């Protein structure tokens, strides 16, 4: 048996464990966690042993990206699902989070490298600093952007947010001094990557020994555990928040703003708070993304990948529902990656239609996603999971 | 055969029932007035007759034809025109353009028709190129009625024509309604100003809680102290 | 009012300030201020008067093209109460349909003094109704159903985005992602207008054609039955039904006109600059900026807004990276929304 199977299984068990903890609600805490841990480990081990390495590796990367997008979708859910803020500029906060985290964690290039890469700053900080900074900077952007625009109604807010996303994209595309735009910013450090190499000096010896069999190509297993943890924290945090008095006001604001105002709630302040919280989460998602793909440029955050896809996820899963957001993200990510297989399978057909078509496969996939959105809007506007009736935990 | 009959109509908005069984009829050339307290369903009856709401039960016939739930576009072709209570003109269009919209379904030149309307409402003739939205309440009501008359309807439905108008204008409007009726157009109107409308009407219906309560010649209803006390506020 | 106390000074002052701030003239003043800033900034950077003038002229040109798109957006919004986020991609569609048509026609010599041959004109004539029909067809299949269900604006917006991406993906699939040009290597005659300002004769044609279309739209809306019905529906859709106006037919013509204008606009923009599959999406922001500045739903406002935005866009390139042109339009739009959300032509004082 490949010695790497054990550490891999343990890592894979983390997301499974967290998933089970969320799903198995209503049991006593200790039993629940113990049960979840056991089942997760068993499942992970089973999968690692039974499935060929290539498949399980694919599943891991799938879960990874799906989870990153789940974080982004949760952010949008706070803005749109819970507060009714029509944000078509998700890409702006996604991008800002990614670049911020990258710049915080990269070191300033020296020597020969400096000729190729320009950055505004580079602190070489650890990953978690980058993660937090991403959230903070995205939140600040939301504050700045929200102040003039949140008072706008529906469609106008939508256009304003489209504009902001375009502006952010233009900045990252043209301002070389900031983040090397339009060239990619490369070499973004991956947290705990030392574990897949020669071991991390700041971790105890037995941990390093345990993970020693892992090779750099096993890194996704490590990262999926990290991403799952962040997703878990964001999800449970939001579930708490939405049942708090704050969450109640948000829902009231979405339902009937005038009524909320009449009861004395400062509607504008609540909308801003929701906007900022959503943006912070999107920034965190951006950070997770950057440290996974290791090299980013403005093209990663175009209207399709950065905004539209996330809206499809939220609408399919069901807005106003955190579970729906996560489910929608995973489902649509599955569909998106599925279209890749589909287009590959259809290769001969595409060739027959036109010899250039197969290399334009990505655009066929884009068409399929656009059709999916139209399908959802026409036939399943409420999404797969309807909005849940939320019961508040505490009285006001 | 009556020009318009409404038989046993039950209807409402969404799940909310407003009409619980309304019967009424209008004969050729007569003025019929529907009065009653607020929320009685008077406006709802009008909207139902004109196809803006579908009846849940019962039916509406016009000139012998069942028009229950027919689209407004079709109803208008049959000689039945409607003036809603609010938002009854196109504000950025001129007076003349408003009239033209009234006869949109016709393919012929409208000059003669417009002149007839301007004869009926000389005040509009002076202001034919003014935007309807900039006119006073009374003038707007005239534009609204003029628009509905462009097709020479057999029956004109008016929803609270005197609402929000100064007393002088109320007189004017009712005068015009009488004038219109004299040319042979039947009029069905819903009115809050029960006294004036019943004075003018040949017959009246009192509607309350979505049902007919009383029916009879206008003068009779006016004179009935019971009716006055219960439904007309004395 | 008998017995009313006078408002406390601070509140009265705030009210006075906001009423001044919200007036049409303060918006005009804001635009004048922006113009002043631009002039000062460019003279500080040593940009020549000729260059500025040239940019203003280019701005007017661009404004003409934007106007074609903006008219469509404002008409659709007025009649159908919908913000059509796919409109930019309708322009893209027009540009690329023309490319396809022109690729099957044998190329001809340049038409008198211009930089294109007869095939461009043929394409222009064909593309306009084609895009109109496509626009109507897409409405029938998607937006109409949502309207009948009285769907929330977000559904309409998402549907529009779906349509936008759908059209773009098809353009990518058929034509690839690279730039394209209607004409390459063909001489493009230039003419001097005045005091050193040069324009291509093609650009004069673009402006003239845009203006001609604008005049036609004006005649449509003011003189024709259908145009008046469009205005009536924009005013009061319920009353339009009540008057017996066949609303479906008016909707058809709205899409035909809006789509035709978009198709023409896309073609003209492609002639002036180049074709790329994203060209329409990049124009979306300036289009909406124009429409919002000129008050959404108001046709004259859309024209005013389009030329203003076009000029601001071009002139800003004198001292910012030209890539930020649409961003300049966006900034103007945001400022306008803050000062006077109902736009230049909106209700109120």
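In order of appearance the chains are A, B and C, and numbering begins at 1 in each one.
By definition in this document, contacts are C-beta pairs under 8 Å (C-beta built on N, C-alpha and C of every residue); 3 or more make two chains touch, one makes a residue touch a chain.
All of these numbers come straight from a predicted model, not from anything done at the bench.
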| item | value |
| --- | --- |
| Farthest chain relative to chain B (centres taken as mean CA coordinates) | A |
| Identity of the most central chain, Cα criterion | C |
| Gap in Å, rounded to a whole number, between the CA centres of chain C and chain B | 43 |
| Inter-chain centre distance, chain A versus chain C - centres from mean C-alpha coordinates, in Å | 35 |
| Centre-to-centre distance between chain B and chain A (centres being mean Cα positions), rounded to whole Å | 59 |
| Set of chain B residues in contact with two or more other chains | none |
| Of chain B, residues touching chain C in the complex | 50, 52, 71-73, 76-77, 82, 84, 87-93, 97, 100-102, 104-105, 147-148, 151 |
| Chain C to chain A touching residues, read off their complex | 83, 85, 142, 145-146, 151, 153-155, 157-159, 161-166, 168-170, 172-173, 176-177, 281-282, 284-285, 288, 292, 321, 323-324, 326-327, 330, 333-334, 337-338, 341 |
| Chain B-facing residues of chain C, complex | 225, 228-229, 231-232, 234-236, 238-247 |
| Chain C-touching residues of chain A, taken from the complex the two chains share | 80, 86, 88, 148-149, 152, 154-156, 158-160, 162-163, 166-167, 170, 173-174, 303-304, 308, 311, 315, 356-357, 360, 363-364, 366-367, 369-371, 373-374, 376-378, 381 |
